[in-house]
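Following this line, the structures themselves.
In what follows, subunit A forms one complex with subunit B and a second complex with subunit C.
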Partner chain A sequence: MTRKGKENLTAYLFLSPILLFFAVFFCFAVGFSILVSFKNWNMLDSPVSVPFVGLRNYVGLFTDPLFRAGLVNTIVFALAVTFTSITLALFVAIALYKLKGSAIWRFIFFAPMITPAVAVGKIWTYLYNPSYGVVNHVLGWFNIPARAWLSDPTLTLPSIMIVAIWSGLGVPMLIFTAGLDSIPTSYYDAARIDGSSKVRTFFSITLPLLKPTTLFLLVTGMINAWQTFDLIYIMGGAAPAASTQLVSIFMYNTAFSYMQMGKALAASVVLFVISLFTTLLALRSFRKGGMESYYA
Partner chain B sequence: MKKAVFVPLVLLVSILAFSQITLVFQTHWSDFRVNGIFDRNGNLLYPGLKHYLEEYEALNPGVKIEIREVPFGNYLQQILVGHMAGRGADIYNLYSLWGVQLVGSGVLAQAPEYVASKVVSDFLPTAAKGATINDLIMGIPAEVNTYALIYNKKLFENAGISKVPETWDELVEVGKLLTKKDSRGVITQYGFAFPMLEESSVSDIVHPYFALLYGAGGEPFNSSLTKSLLDSPAAVLAMEAIAKLFKEGVTDTAGGLFDFTQKNIAMVIKAPWYASYLKEAFGDEYEDIVGIAPIPYIERPATSAYTFFYAVHSGSKNQEEAWKFLDWFALQYKDMPDITRAGELGAQVIGVIPPNAKDLEHFRSQLVDLQEYVSLLDFATSEPNIAQGDQIKKTIMDEIVAAMNNIKTPEQAMKDAASKINSILQSAK
Partner chain C sequence: MVYPFLWLLSASLMTVREFISVPPKLVPDVPQWGNYTAVLQRVPFFRYLLNSLVVATSISLLVAFTSALGGYVFAKMDFTGKKTLFRFILATMMFPNFLFLIPNFFLLTRIGWVDTYLALIMPFAVSGYGIFLLRQFIMNIPSELIECARIDGASQFRIFVQIIIPLSLPAMATLVLLTFVAQWNNFLWPMIITSFTPSLTTIPVGIAKLNLSFGSLANQHLVLAGMVIQVLPVILLFLFLQRYYVKGIVMTGFGGI
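And now, the complex of A and B:
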């Protein structure tokens, strides 16, 4: 064996544990899910013995009004939460950048990230209570009518989105802060000398150079948002199912309450395809940018 | 000398440990239902589930029984996942609605002949039917429950209302008098409320609807349980009755965020276990606050009933021992009085109607809160054991909630419910 061959072999040997993990818990799991999505499996019989039903599960999904509602809600939820939290996180990061006492502020914004989602959901359920909740109480100071935030079908999903955005600000803010650190100050000095305004500097220097950071946050944010389950499960029970249904909740109920694992896995495949598509779209849109684009 | 004692002792303990049978009893009961009810001085008033298990263990030294408490909301999922993973319990306390699904999936063991014959001879027909799936007795009835109106006597008194509503129209009118709003129009006291966020909310929304449906002369399904009848005029009438509460401002969906124990709900429709929960919550105030009455009807008195039964897991390695325990617990009678231990637990602690005929006769006179629920058995229609029952019930709830929120008219909601349920039944064939 040549020296390069030996080096390659050594590298693969070191990588083998993680590759094995990846093969079992990703490749096999995804392959199994796709295969079973074409079967009528109730989890109690062997998945090998149950018959293929072709596209019946997929047809059943798109003719199920609850799934269709869930898909629309998931798309709206993912887009709104991801873009809003990234935008807000960027502005918070810039506002706190090199500010005195910024460490305390960063902790305040990061704290919801380290709080369990169940606790966040339960606390906000009380805050949103129509009669004694703080939200309606504060609105009352401005003579704004009280609302049933978690049972009105038009308000429940937006109310939960607000909680998702609030609780998801911390990590993007920290990552943007790191991104801001990576921009050489000489660029800002040059812009200042040339008489550039702060707004112009932001759009011409800061934002383009944060493109790789933004791409990373967009992709990871979207993937997380597509899979949101906990907040909806905890906070969304009082509203009609169609108004708060997400694909993740639909999958859970279909698999574990109704024992229709084939249909649930079909839903997961649909979600995977959508997630993949949006990720590729984001990668394509943001493929140029960052420091490298200045040297290209 | 010490070694001569120590080694055999260790060997004996090991042998005993390996020869000991451990049964896992899975239930949705928790708190005082398992630990018992105590007075202010800490004296045990009524034994909970664990006391009966300890009694059995004392009589059968080679058997240990562990209690696995699972919240009702996750109960069915836990049974299925446990069965798949080979970690199911030995004994289940099951909601009969899940029976068809679980029997069809081979999760339950059929009751042996000596158990089945006693179920037929000693239990109420409604209860025995609840434990019968595909004409086979699959367990021992644990409880049979009806739904009734629970009202706050003090709120009625404060509003000057002396008569409990008998018809649904009367309930709406009384509800209007009892509902209070603040300056911004937010309801602060509900004349009537439906639970939305509780584990039992699916049943607590669907069962009152069923009661109104039966009272309007309708049925949710045809006799062979192959078709939904929720698009019938009676079904729409029942849904319109519920929607009237929302239209008239008696209640809204935010009422589910309140609780009767907060004394700001005047009326709810609940099963007898809720009265037991209120007894624990209100303590000495219970008799002064809580009143129980039949559900106000549309055309004739009616209510819905549901049942639970004890069953043995088909995957249990100790099926014989499990049935032996259930026989002792739920079929054999104590010396004095002549009641079963399961019936005693159910009536005194859990707050359910005991399904055994002798138990019912004994406790009927003793338990004031249960009397109203027991008297409703004469008007009760039992929930059918239908395929995909859990999914069907959630579908009905979704449509009812859509109508409550005025997203759909009552007619459209029931039409959609019937259509979706027929699809589910078709897929389940």
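And now, the complex of A and C:
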């Protein structure tokens, strides 16, 4: 056998467990989801024998007011949480950059992120409690009237967004810190000699050079945010369903409470299409230089 | 930033009356250590802990091994279809988990794994992120080392076990830590798959259920004690090993699995 042929054989032999895994838990699953989303299936019958119903599941989704509310909420939630946490993380990273004891700061900002979302959700449910919660109590010091943070339909989603932002600052902050490390100090020296103000230096040096990092964080942050489930599942129970509905929650309930698997699969495919759109953006951001080196 | 944690610690040691007092109390008058023994006695909490430990450890070790395997192939071997396969593996990271819930649930019930640990472990045995991380790391191992071993007559498998794995241990440690924390906290899949087999319940699912099993407000402080037991191990783990965690994130630019 030629050297090339032998190397091919070894490589695929080494990869076989990995390829088997992706065939079973990835390719099969994606194919199954797309195919059965066009069928009327309830988990008990065989998915092969149940009839195709064309686009009925998708039409059903988009005429369902709860799903439409979920779609709007998902987009609002993902955009608001991603943009806010990245902006905040940038400022925190710059503020803490030259500070002493950075390991302690890092720990403080990371702790919420490694805490299970279930626990984070529960803790904040107590803090937000309208009668004995600390949030209302503290706001009371400033004469701000008490509110029902997690049952008032206009307040619930924003209240949960605040928690999502609080718990998601760690990673972007760290990646920004790594980005700041890669900016040569000579640029800052030059700016100082030219008498550039701090604000001007930020907008003309720091921000443009962090652009690939920022873009990359936006895209990966968004892909995660589309899939938010745990926090809303734990915290959203007291508010009217439509106000905290997300595509993910809708899909979960349709599947595992109502057993309408076809419709639930259609919802997951919609979520997938939204993610795919973000992925295409991601690939563009890779090409623009953020992750170029990884493709080499 | 840290207040919610301090609150959790303090509130888990309060009596119900202190817990729901208005204005809120900062610290309990007498720490109620009994809350902890009560929660351990009233739900099978040790069982939850054991389940989580078994599942998170198995997944971490499996992921570390399969990632080193894939990472080595993509970093050091030259073969037909390499670029396409690597892009495919990167792309798998971009797919929402929700696409896999129903098909995998269906598949695992059909092959009869649902009442075993396999159902909790196998769907996470390979990670696109892990392969990517190990590839980045193994690319920096000098190829001369591998060439020398090959000239000495070592098989590819021996090279992998005796050269690549020992040299990749720092990156594998990072990956084990990242995976362990992610799986310790994993909620959605264990909740779905253990819905018929309560004996396999993991901690996050157990915590979410505590509310149901304790029902009334009278036991809320016990829920908090349970949460401290869940949160403390990962916080401590992170406190001591955070530089590995940070290294993984900086090396790949990704925060999670």
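Please note the rule applied: the second predicted complex is superposed on the first by the 255 of 296 C-alpha atoms of A that agree within 3 Å, B and C clash if a C-alpha of one lies under 4 Å from a C-alpha of the other, contacts with A are read in each partner's own complex, and residues count from 1 in each chain.
As a working rule, contacts are C-beta pairs under 8 Å (C-beta built on N, C-alpha and C of every residue); 3 or more make two chains touch, one makes a residue touch a chain.
Here the structure is a predicted model, which means the values were calculated and not measured.
> Is A:256 contacted by the first partner subunit B, the second partner subunit C, both or neither?
The answer is both, since A:256 touches subunit B and subunit C.
> Looking at A:43, would you say it contacts subunit B, subunit C, both, or neither? Reply first, second, both or neither.
both
> Looking at the overlay, what does A:196 touch: subunit B (first), subunit C (second), both, or neither?
neither
> Using the touch criterion from the header, give the chain among subunit B and subunit C with more contacted residues in subunit A.
C
> Contact-wise, after the overlay, does A:84 reach subunit B, subunit C, both or neither (first, second, both, neither)?
Neither: A:84 stays clear of subunit B and subunit C.
> Touching A:25, do we find subunit B (first), subunit C (second), both, or neither?
Second partner only, subunit C.
> Considering only touches as defined above, state whether A:131 meets subunit B (first), subunit C (second), both or neither.
A:131 contacts both subunit B and subunit C.
> On subunit A, which stretch or stretches are contacted by subunit B in one complex as well as by subunit C in the other?
43, 131, 256
> Looking at the complex, which residues from subunit A come into contact with subunit B?
Its residues touching subunit B are 42-45, 60, 65-66, 125, 129-131, 136, 140, 145-146, 148, 150-153, 237-243, 253, 256-259.
> In the complex formed with subunit A, which residues of subunit B make contact?
Subunit B reaches subunit A through residues 76-77, 80-81, 83-84, 101, 105-107, 182, 184-188, 196-197, 201, 252-254, 256-258, 388, 390-391, 394, 398, 401-402, 405, 407, 416, 420, 427.
> Can you check the complex and tell me which residues of subunit C touch subunit A?
Answer in residue numbers: 1-2, 4-5, 7-8, 11, 19-24, 66, 69-70, 72-73, 77-80, 82, 85, 88-89, 91-92, 94-104, 106-107, 122-123, 125-126, 131-132, 136, 156, 160, 181, 184-185, 187-188, 192, 195, 203-204, 207-208, 211, 220, 223-224, 227, 230-231, 234-235, 238-239, 242, 245-246, 249-250, 253-256.
> Inside the complex, what are the residues of subunit A that reach subunit C?
4, 7-8, 10-12, 14-15, 17-18, 21-22, 24-26, 28-30, 32-33, 36, 43, 47, 103, 106-120, 122-124, 126-127, 131-134, 137, 166, 170-172, 174-175, 178, 213, 216, 220, 223-224, 226-227, 229-230, 233-234, 247-248, 251-252, 255-256, 261, 264-265, 267-269, 271-272, 275-276, 278-279, 282, 290-291, 294
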